[in-house]
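There are two complexes below, and they share chain A, which is joined by chain B in the first and by chain C in the second.
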Partner chain A sequence: MRRGRKNRQENTRKTSAVKPGMPGGRYRPLTQPDEQQVHRTILDVLENIGMGDPIPIVKEQALERGCFINEHGRLCFPRAFVEDSIANAPRNARLFGRDPKHDIDVGDNRVHNYGGGEAVNMLDVGASSYRPSTLDDLYDTARLVDRMDNIHALARLVVPTEIQDQFACDINSAYVSAAGTLKHTQLTFADASHVQPTLEMLYMIAGGKEKFHERPFCNSGGCPVISPLRYGQDNSEVCVESIKFGAPIWVTVAPQAGATAPAALAGAVVQSVAEALAGMLMVHVVDPGTPVVLGPWPFVSDLRTGSFTGGSGEEALVSAAAVQMINYYGLPSSVGAGMTDSKLPDCQAGYEKALAIALAAQAGCNDVSECSGMLGSLMALSLESMVIDNDLLGAVLRTVRGIEVNEETLSYKVMEQVVHGEGHYLRAQQTLDLMRTEYEYPALADRLAPGEWEAAGSPDIRQQAGERVKSILSSHYPEYIDPAIDAKIRERFPILLNPDNMHPGNSRW
Partner chain B sequence: MTDQFDDEEIILSELPDDELVDQMHDDLYDGLAEEITEGTQILLDRGWSAQQVLTEALVGGMAVVGIDFRDGVLFVPEVLMAANAMKAGMAKLKPLLVETGVKPAGKMVIGTVKGDIHDIGKNLVGMMMEGAGFEVIDLGINIDADTYIEAIEEHQADFLGMSALLTTTMPYMKVVIDQMKEKGIRDKYKVLVGGAPLNEEFGQAVGADAYCRDAATAVDAARELLAATG
Partner chain C sequence: MRRGRKNRQENTRKTSAVKPGMPGGRYRPLTQPDEQQVHRTILDVLENIGMGDPIPIVKEQALERGCFINEHGRLCFPRAFVEDSIANAPRNARLFGRDPKHDIDVGDNRVHNYGGGEAVNMLDVGASSYRPSTLDDLYDTARLVDRMDNIHALARLVVPTEIQDQFACDINSAYVSAAGTLKHTQLTFADASHVQPTLEMLYMIAGGKEKFHERPFCNSGGCPVISPLRYGQDNSEVCVESIKFGAPIWVTVAPQAGATAPAALAGAVVQSVAEALAGMLMVHVVDPGTPVVLGPWPFVSDLRTGSFTGGSGEEALVSAAAVQMINYYGLPSSVGAGMTDSKLPDCQAGYEKALAIALAAQAGCNDVSECSGMLGSLMALSLESMVIDNDLLGAVLRTVRGIEVNEETLSYKVMEQVVHGEGHYLRAQQTLDLMRTEYEYPALADRLAPGEWEAAGSPDIRQQAGERVKSILSSHYPEYIDPAIDAKIRERFPILLNPDNMHPGNSRW
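After this line comes the complex of A and B, so read on.
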């Protein structure tokens, strides 16, 4: 084959300077003595204040292992027990994609980006007001995530609010996720009884129970803590039932500084990490072998109004500190970042998202969640924002990758050659070798010269993003569920996604 | 030079009525429950009616708190301290008001819906309502339709307040309202709903009288609904 043609063919493959799972951990808002003080206080909290309202199976198993009920009737975890549990907990785990190229290895400082957010509203392309989100929207987010290189896994980005029945809501969410993407999907259940039937549907999609459990492409978990320091029954039951997935359990807690967590930021970090550990302990007294992805998500209140602010500098800071503590324990971590308070994909959204996501990623978070498309303090999702965020995530990952320093990259010889030769680097072999792998290129960010930009009609990024969304969603209708299996699934389960909306040419896009 | 604003120097019982009322407005603003209790007692001892103390000293003071909260001068924790001080004064006035047949501004039964055990937002609304002079019966969390309905009937409430934080529990509000309709008592009460995932459209869809995006809005909505019904 002629070299030119070979190059042309290879160049059609997109190359990138970043990849999933690059190590973060350079940003550490807590000093080493701070870390130890936070840790000691966490142990004090779990040992003395303890957790309220454990579900019976957890209470029973915990008491058998040396935990105790204090004079206030709360379940307390002795510090030695907590330290042993942390030391023995699985430190690394794989979240499988349906295609192995999407596998994610959580643990250490490896950085990945997650969808997720459970918004109840959509901001339509070009719109300036919200509407309730639907199952079709969730399907769209799955298809879009499937095509976003820097969003490595999916969680429920929007809630299908038109479905009243909770079981139907949960199983349809799982169905449209599997129909829309081959990336790993984190599921949510309102009730433990929804887990088994959903698993049975996933077995059908995977081609059998054993096939699924070889590579479980979905996991589950929940938010089992009602802050401050009290277990919530329904989500505790879901977490325990989710052990059946044979996949890591996600445990997220979201105490809000100033309202359901201390206003002092250090206290908010202590409580959120203590609660996340309490979630892990709850799973591990039932089954110590199941990996848990710990999600201490310290939220922040705007104390002028009492409402949640996801876009603040404090939010970015405490989230990074929470990640630092989970990394101190060497456990898999998750944190919410990119939870802007802005209602639109605008300047405010851009700076708030960039700050929080950058700090979380730099802190070495395994699952940076809520980082794609969320707006309005997690109340809404915008598909335009999702594709913009994909660029943002690429740029953040590039900063995570850092600068490789070695004799070759220090480039002394190249400088010498260029200075004595052509006088510029544009045609240097090093430039050719590195132009696609040293630099990350955004799909949407405008880098035109001002004149070119004006000639193009002075587009702004939201317009460009809307075009990209339409182009992807009107054409990307993958057949990730075999049609024969799909028919069987629809016979057996109350699947509500209109099959007509799963092909090009429907009225939606 | 001594600080002329030093709290120690103010002896409430030595102030004439008008200065005492002004001072109580300041003390409400600063959330000083003990001082409000004391001031309330002094005014009563001077022969003020409970109704007059309530309107001029307490509600008048809370109005300033409300305005400064709306304008972003006061923060939520400060407003809650003020509401707490108001409540302390109310504790003195309530038996007298009942005796003289004066009704509270309005009565509200409040609770977080079935399946939901998040209560911070609901508590905030309860405190703000009390601060505005409403009587609040707080049922707590995880409340089913029967319990709500029993409580509004028993207490002859003006308002039913329902709160939900979870998207999975908010539809239960409709269940409660539908059950009120079935029993033919829906129109006897004003229903206020709130919680992070809710919005105006949801409020209308479930048939509530008002969606309240925050605690201050809840107080305003309750006042407006009362005024509208006379």
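After this line comes the complex of A and C, so read on.
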């Protein structure tokens, strides 16, 4: 049955050929001796070069546990200490959705896609220039992620740039996330003092503190390292304060090869993983029981200009290698993948995203981050790109699932039957049986015959994506915060999202 | 130094970060037990189901060597015979360029990109509909491939559809290839009788029969199997006749899962590899010494419509698995990758191509075919897409190269120096030293800052690609066939390429 464009666009069926958390790990950019050499160098770095500028609580606790300050005044972690911390760290953790169907189990090499971004610009549907992103945009991303099968959780994809006050910015980010999706949400805070009041708002949304902590549907963390190899105060404090969520802490570091990390790719991997471990060690000297999602994100420079290139082959490669190292340690992982340099959802965006996302996923990344909607080396977000990426992620996940090999799937008997029978497999029972389970169908990607495509006006996928974005965002206004609670939240906290924009008829769509 | 758009477009520097023939194999979609189960089933298929309709010379030679006809009248290959043939088959082979710098050594898991296509439509620069492809188009593809660093050889990317006579079509295809590029060219013949006269023309171009056979710069072969599991007469004869080239024979089979192959992906891999081996066995019963490039191309159906989907995740996955099986046998390999379903070089084309090409290359494919310019599930070719794909292929090759891990690249000393010194790596000697050798720079891909990009008119990569195509094709008119020889060739053979179109001023560009 051939389905028309309209049907395809409205199609929101949960596919059964892919699911969150399928194991990766069949791509290994590093050999086993490579892994060990990288690991030994990481231990050397943490033990001898150490980390600058630990915050007082971390320094104090670390020294108590056998770490030391070297002659340069830097906090050093003895290799046995690092190895023990790795061995004792929680290896698996659940990121809860508000609906259990959205729960995510990070750890091992289970692949999920979500997170990241913090872009400060939007590319509007059909536009060819950027504008500053707003709180309404962040709300839209939450509603859209809520409907994307292959984007498994939410993070602050864009910054509400119109909000000057940092506390208002952070708590509003949390508010619109909870208003827009039931998927797990990763939060970001500019200052540790924002954590407690945000938690109090989340308690109200959850129906009480205990309810929230039974299934914490948000987590938090930060980027506690200023590369190379120095702790940053504000984000270190946020990471430590985030332990209060009772959820895994995310720790992301992004040393840039050729600028704040070695230009040699091996060195960039060493430094980024060492810094991510330093983030974990920081959390664990305060509370060894808190799971940490380690995000060594080795970024890459275009050495001709010094600027960050998120879409390069080098970026895809070092990110996959960083995943491999975190899997070598058996710890939960995240890397940035999908950070195209293109400013538009064009062919460059497509191929740069697919290359990085495919390799990160095949390497077995627990959180393939930056994978949905990001453009311009993380400078902008496009909702069109996000729905296109949802299809891309579905295709990548299909490759991650791999090929089941057993007597039935090897199909010897079917082959024999067909060769001596009808001469084709179109009506074979196996073919009919596997239609829904063996094959993943994209929502947008064009598979028409050329004549049909021309008759439809020769659309490119960006046009199709724009229609899908409008269709979802003009209709999907979930009521994920109880109206009575919402009123109380708005009394107590400086919530800036206009309630008029939370209903169909919203003039924005 | 920041370089402008114009410079980037004119940039034809041979990069030093990637090269043809780097080893892949770090992605293994099948486990070792999977490989063995697939292999055993392949042996079962060849021994018990066998192949229908062998041509007389093949049947005769095969029976002489211990094969047999089963009760269904099909030619069956005993497992020991198949295993011996695999063991004794040439494992490596050279595809010669007319310039030795373009020589390609297939075998092991060395990755090259080229070949394939046979599209019957062109998408013109800037166009949004297709038109039938012509001989001029094929000449243009040859000239363009000649200038693309990451497309390592040529094949008939488009069919000259205006030429009704099949012999004229084939010999003209060979002629315009030799006129347009010094890279190795894979030829296609509709009938075995076209091989000898084409060879005679190639002898003239080479400067004599001996000269050609010293370094045969063309090879030939075909698609000798009608799936499922039946030899096709014409292409079988072409394959056998192609032994005369003294070059590796290419054998491609393309059973389509759910139509002419099992819908279960494992079964599709089994059948495609069995059929490719059947192609090799066919050549080897006639001449065991001729190297064969095995092309098991398991195609995939969209089971909702029955039509071929070249861009799906399933396609990327089964192709990579087919590569792995050919590498398991240690034989030269080819698969189709980059066969997007999109009709345009848009975001869908980008991501579908990258996913398939990356996985085939990482699996260690000797000939990543269909990787340059193909659109619409092989229905059309776009020159814009070809130059974009050249950048994509460069990025993929950079990931194939991998990360060199040694004391120097691990960068411990550089890190120590920087941390205790300047605090960044921008001026480190290592950074300067690695600028050209560690990083691959795309010719087209946009890495501008958003403001610069907007100031340049917010181009997408297709616009950039169109300019590059025009710039190359309006100026690159190589004289790869000596004019005196050319005159003689035109006297003897029905060459249809207008000489006026072989010089600057060609009204087509």
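General remarks:
We take it that the second predicted complex is superposed on the first by the 494 of 509 C-alpha atoms of A that agree within 3 Å, B and C clash if a C-alpha of one lies under 4 Å from a C-alpha of the other, contacts with A are read in each partner's own complex, and residues count from 1 in each chain.
The rule is simple: a residue touches a chain if its C-beta (ideal position, glycine included) is under 8 Å from a C-beta of that chain, and two chains touch if they have at least 3 such contacts.
Here the structure is a predicted model, which is why all the values come from computation and not from measurement.
Between chain B and chain C, it is C that contacts the larger number of residues in chain A.
By the document's definition of touching, both partners, chain B and chain C, reach A:379. Touch criterion not met for A:469: it reaches neither chain B nor chain C. Contacts of A:424 after superposition on the shared chain: chain C is touched, whereas chain B is not. When the shared chain is aligned, chain B comes close enough to touch A:166, but chain C does not.
In the superposition on chain A, no contact is made by A:249 with either chain B or chain C. By the touch criterion stated above, A:118 is placed in contact with chain B alone, chain C being left untouched.
Within the superposed three-chain model, A:130 lies in touch with chain B and with chain C [touch as defined at top].
In the superposition on chain A, A:232 makes contact with chain B only, while chain C stays out of contact range.
In the superposition on chain A, contact is made by A:190 with chain B only, not with chain C. Touched by chain B in one complex and by chain C in the other are residues 121, 130, 258-260, 303-307, 379 of chain A. The part of chain B that touches chain A in the complex is made up of residues 72, 75-77, 115, 117-118, 120, 124, 167-168, 171, 196-197, 199, 201-202, 214-215.
Partner chain B is touched in their complex by these residues of chain A: 118, 120-121, 130, 132, 159, 161, 164, 166, 169, 190, 226, 232-234, 256, 258-260, 301, 303-308, 379.
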